[in-house]
Amino acid sequence: MSNTFGKLLAVTTFGESHGPAIGCVIDGCPPGLEIHEDEFAHDLARRATGRSRHVSARKEEDRVEILSGVHEGRTTGTPIALLVRNTDAKSKDYADIARTFRPGHADWTYHQKYGFRDPRGGGRSSARETTMRVAAAVIAKKWLRERMGITVRGCMTQMGTLVARRFDWSVVEENPFFWPDPDMIGELETYLDAIRSERDSVGGRVEVFAEGVPAGLGEPLYGKLDGDLAAALMGINAVKGVEIGDGFAAVAQRGTEHRDELTPQGFLSNHAGGILGGISTGQVIRASIALKPTSSLPQPGRSIDVDGNPVEVTTKGRHDPCVAIRATPIAEAMVALVLMDHVLRHRAQCGDVGAVSPQFPA
Amino acid sequence: MSNTFGKLLAVTTFGESHGPAIGCVIDGCPPGLEIHEDEFAHDLARRATGRSRHVSARKEEDRVEILSGVHEGRTTGTPIALLVRNTDAKSKDYADIARTFRPGHADWTYHQKYGFRDPRGGGRSSARETTMRVAAAVIAKKWLRERMGITVRGCMTQMGTLVARRFDWSVVEENPFFWPDPDMIGELETYLDAIRSERDSVGGRVEVFAEGVPAGLGEPLYGKLDGDLAAALMGINAVKGVEIGDGFAAVAQRGTEHRDELTPQGFLSNHAGGILGGISTGQVIRASIALKPTSSLPQPGRSIDVDGNPVEVTTKGRHDPCVAIRATPIAEAMVALVLMDHVLRHRAQCGDVGAVSPQFPA
Amino acid sequence: MSNTFGKLLAVTTFGESHGPAIGCVIDGCPPGLEIHEDEFAHDLARRATGRSRHVSARKEEDRVEILSGVHEGRTTGTPIALLVRNTDAKSKDYADIARTFRPGHADWTYHQKYGFRDPRGGGRSSARETTMRVAAAVIAKKWLRERMGITVRGCMTQMGTLVARRFDWSVVEENPFFWPDPDMIGELETYLDAIRSERDSVGGRVEVFAEGVPAGLGEPLYGKLDGDLAAALMGINAVKGVEIGDGFAAVAQRGTEHRDELTPQGFLSNHAGGILGGISTGQVIRASIALKPTSSLPQPGRSIDVDGNPVEVTTKGRHDPCVAIRATPIAEAMVALVLMDHVLRHRAQCGDVGAVSPQFPA
Amino acid sequence: MSNTFGKLLAVTTFGESHGPAIGCVIDGCPPGLEIHEDEFAHDLARRATGRSRHVSARKEEDRVEILSGVHEGRTTGTPIALLVRNTDAKSKDYADIARTFRPGHADWTYHQKYGFRDPRGGGRSSARETTMRVAAAVIAKKWLRERMGITVRGCMTQMGTLVARRFDWSVVEENPFFWPDPDMIGELETYLDAIRSERDSVGGRVEVFAEGVPAGLGEPLYGKLDGDLAAALMGINAVKGVEIGDGFAAVAQRGTEHRDELTPQGFLSNHAGGILGGISTGQVIRASIALKPTSSLPQPGRSIDVDGNPVEVTTKGRHDPCVAIRATPIAEAMVALVLMDHVLRHRAQCGDVGAVSPQFPA
């Protein structure tokens, strides 16, 4: 079940970038949650291409149809199937590279694994599939918010060599970069315009914060909350690194600095990022990911064709100069799905979440 | 099954730090592999405490008994059970902290999750359990080497603020730090002695390399090879970050720099770390992890007890000034287990590995 | 993942009887299998209602749309999604029983489990869902036949009190009952017409045979081939019993009679039904199931409503006097899906099927 | 994970009949359950050989050692490992059949699957392994009884051609056959003595009843309670058939007879055996299994050796004339494990069991 994600809240996705449709099946959702088709629009628009000049021009409508699992506006406990038809798939853009392997892409590896591949728009390996992760997470986010008081939100804090200096959540949704530093928006636009005009791309760092998470989520030892988050986030297209809390900065820290001391009023710091021993502490959970610069560039790169001959490949399709931008809602989605799964897993073994002992004051 | 790791090669571990024994069950191993009890000694000694003054003084004998799954020296295809008795468990060291939560440890989170905990030596959350990961991986490493020509090895490349400048595999096993730079051993010893005399600890970075891995391993989209490696590595005690290939350095790279171009003679670079689209490329797989400084320090830290009263906690047991050292064989183990699992998974769906098309010259 | 079936060939189904659509996602299918949308028609027609006066009059068109996983007519190794729109769902038939529990149905249990239910046509508990099992198995049957030389076929051998006396495969597809005894067709028609005119229903026994199955399939101890077949067959709507080989008749047998002796020319008998110790022997696999008479009857039955008040329930929708008839292709489907899953599972651990030792002559 | 049973309460067993030990790991048990090593003795004695002349003379001591997961007499939520050393394994009894396949046994199939096998006492395929199922279920039974008010008990109702005519639970534990009809004990002893003196064996039928099960357990569609029970029971050694409720008798019933009508005072009958649509109804759950006569007979049977030559095989080890006797506690164990797993699964998705609506009076 390599296309199923989660243990008790299990999301199975299907679909290729330029096939007739993409979709998912969400199994294990508790009954009674109100959900309507128009609730998917907001997060899908945040993820969609075509929103600004800084992302791919592909026009994704991404209208979700609920095929099952919802009756009279409420989840029934049976599998929820969501379908999105592909409407702006321009496969002719890709016809000339059907027999070549784009450098830095999954073309080579899919061919090696399966013997052939669907070359249209990257087929299954396209970030198009992440639409369904975001859609599934609309349900998870709503359930977490309404039932558990948990919220999940993300932002981009590094683009190429530019790093956010201020952190103001109120501006994140007000600029096309999900950027928390209001002073830098013009700088980012200039920077990315330059990258695009050089027909190049650049990486990015995205951070996700989950607030209101009770202590106790996570299943040691091989279903640790941080382990599951790492798998979920590393599995997003273009991600090359995952950190929890201080991440790689912890290497140079001392133990006296890193260990988060406790007082009756709560923890004094959060270097751990809200997870100790694979289980949530009750603090804010903080994860950070590195996204590589996209390899789909409108300038030639050396490669080979399926017969092993040298070729030059130039990507002509519509692509993103910084794929990390659109990764923000995707990363939120993966975190939300992991958290909801773990709430259910905790409830199975230990009963209701938060039942053990009083939490710290918020 | 939160204590089972792997899909087709499934390792279930059990045991607490100061309980009667720790052990594991390895299910799904192909039949016919020769294995003897004395083959476990080498890697368990690499992981063990008590080897030098730079690691915990706990004397772990770690003698493996094979309880099942091996007949006349060969695996039979049935589950292989390995048992290691705990022989030097000094629980009295921990009696005074049974009702307090050590800062930076899983004491607090286990208590929140389960309502109470086995406080002896950290119980289940102790790194003692990783003994069985290393033991299970002895089988995986051997099978990978003999059947697939794959080797997995690791080293530590950063300790606190010290970073390896040279890379010479031949010295890694010759010093107590698994360090690849022969010029720095004295510097490391002085550095770590100072940390220990300050009753503090420091983090580290460990890198693992898998060579000889054929193209085609990995199951998109939710069993990606990098996703599974991330979960496996993040699940090691004290790990706070995971990178594949260039990792977080990719954020500041350009697409023209990062994308690994192909020629008939092979790839021209390996920024990707041997994985594209979640599937192995046939290049060396490279993963890197960040380990935090241990929180078990012989100097007081603020905390609370189970009733919420403020307390000071000083760890008196035997601990490591840099837990990253012993993480090297553990990280190798997790990578080997993931790779063997994925060889079996690939074979199930696609038939024998490497059957699709000729690989590049090595 | 309670709506996913199979371990390596994993089928996830979704959809309600009177929702917009039903569908499935087939994950893990090997790449390269040719498959076209019109290949589903034959088996779906065998399962469909509306084919004769002996089954429900609901007109199911059951046109399969392939949404993913197939490119240029061949499976790609990525998940195959199949969709069937519900076109003749007459929900008004069921409006009056939305608040009552039909006796002998899942109405009561779904309500108890989930707090409410989709009452339209039985919702998720309707046999409508089995359409997708049959559709998924079209792929499994083809792969088993082409790649492994395995065929799976079924027939009904008991209807109510009538038991087949002769066994002639050539007539099974020539009568509306999948019945192997050509002398009894008229008798069956008269019998079932009488049942229907009495507004009653009757049970049936269906047998499935898998031929060409090599020795070695099955994973002891908790993935035994017979264990997995039992789960798959018991999970079909209305099934109350499962037998492998001689089944319950073995209770009264002696060991000297039951044990199938071997000679260099092959087994001398097949009381075991082709499975020993949970692993296939290389003989024909034989499974038998008991289906209860449907509880949906056009005559009143005592029940209660959601408030606990006594009511009388009379089913007015379109139903089958003997649901066992249409269970034949469904049972074949479940057996085929289990077998293909086990071929992949065997290949993962032990390499190619049949590689160990020469089989008996057929 | 073919040696792991259960989804949330996951039991992994290991060990061979004549290896050093057998054992199991129980993962997912809720914390806080009191359990002591001496609580395993009762059920293990019920299952053990050597208790009367009617079962194998092998002397099984079956002393359980708890290796992990229990601290100060209570489960901690971490994996519980149980170990039983094999003390009376007489491997020399089997030395002469190492190269031959006993008819009716798994010798042939294990050899075909794995290429070779551990021949000592049947190795992994021996019923010796069921010791650990019974041991694991001691925990499940206690949890079900204390936390849920659920009890599980079984009896044998048919031995060869003899069928119980009366049903009196009070005598089941008072005779060596777990037989509910006190008038037939002498008849059974005479019958089985004759079978044994003829050096033959006979099959049996065992029934298991679970009382106090609330409505709502079971996960449609591929984790149905009856489907999971069928897999669990069919996976017991020698089982060839499984029925829920009326089972195969339902084939000849009319719908008007079979459907269990409801009144405000409860169901009027229980033909369904307590499960509708794969979910428990709140009634008594009733399952029945058929066990074949053992093939291990002290009289010659035709077979072949590993080179394909014809041989005669006579079993000289210690075996049971009616293996169904000892299957009674094993069948109880499997039912208890399935039920506890499903209580946890239900709680995960739907919250506390029985929370939905008031149950019928008992």
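General observations
Labels A, B, C and D are assigned to the chains in the order they are written; within every chain, residues are numbered from 1.
As a convention for this text, a contact is a pair of C-beta atoms (placed from the backbone, for glycine too) under 8 Å apart; a residue touches a chain by one contact, two chains touch by 3 or more.
These numbers were taken from a predicted model, which means no experiment stands behind them.
The greatest centre-to-centre distance from chain D, using averaged C-alpha positions, is reached by A. Two chain pairs, C-D and A-C, are weighed by contacting C-beta pairs, with C-D ahead.
Chain geometry summary: the mean Cα position of chain A and that of chain C are 39 Å apart. If each chain is reduced to the centroid of its CA atoms, chain A and chain D end up 45 Å from each other. Chain centres here are Cα means. That of chain C falls 26 Å from that of chain D.
Residues of chain C in contact with two or more other chains: 1-4, 13, 28, 31, 77-78, 110, 113-115, 124, 220, 345, 350. Those residues of chain A lying in contact with chain D across their complex are 8, 28-31, 77-78, 220, 344-345, 347-352. Contact residues on chain A toward chain C in their complex (touch as defined above): 1-4, 7, 10, 12-16, 19-23, 25, 27-28, 31-32, 65, 67-69, 71, 74, 76-81, 83, 110, 113-118, 120, 123-124. Per the touch definition, chain C reaches chain D in the complex via residues 1-5, 13, 101, 103-106, 108-115, 124-125, 129, 158, 160-161, 195, 200-205, 215-224, 226-235, 237, 239-264, 268, 271-273, 275-282, 290-297, 299, 301-304, 306, 308-310, 324, 345-346, 350, 356-358.
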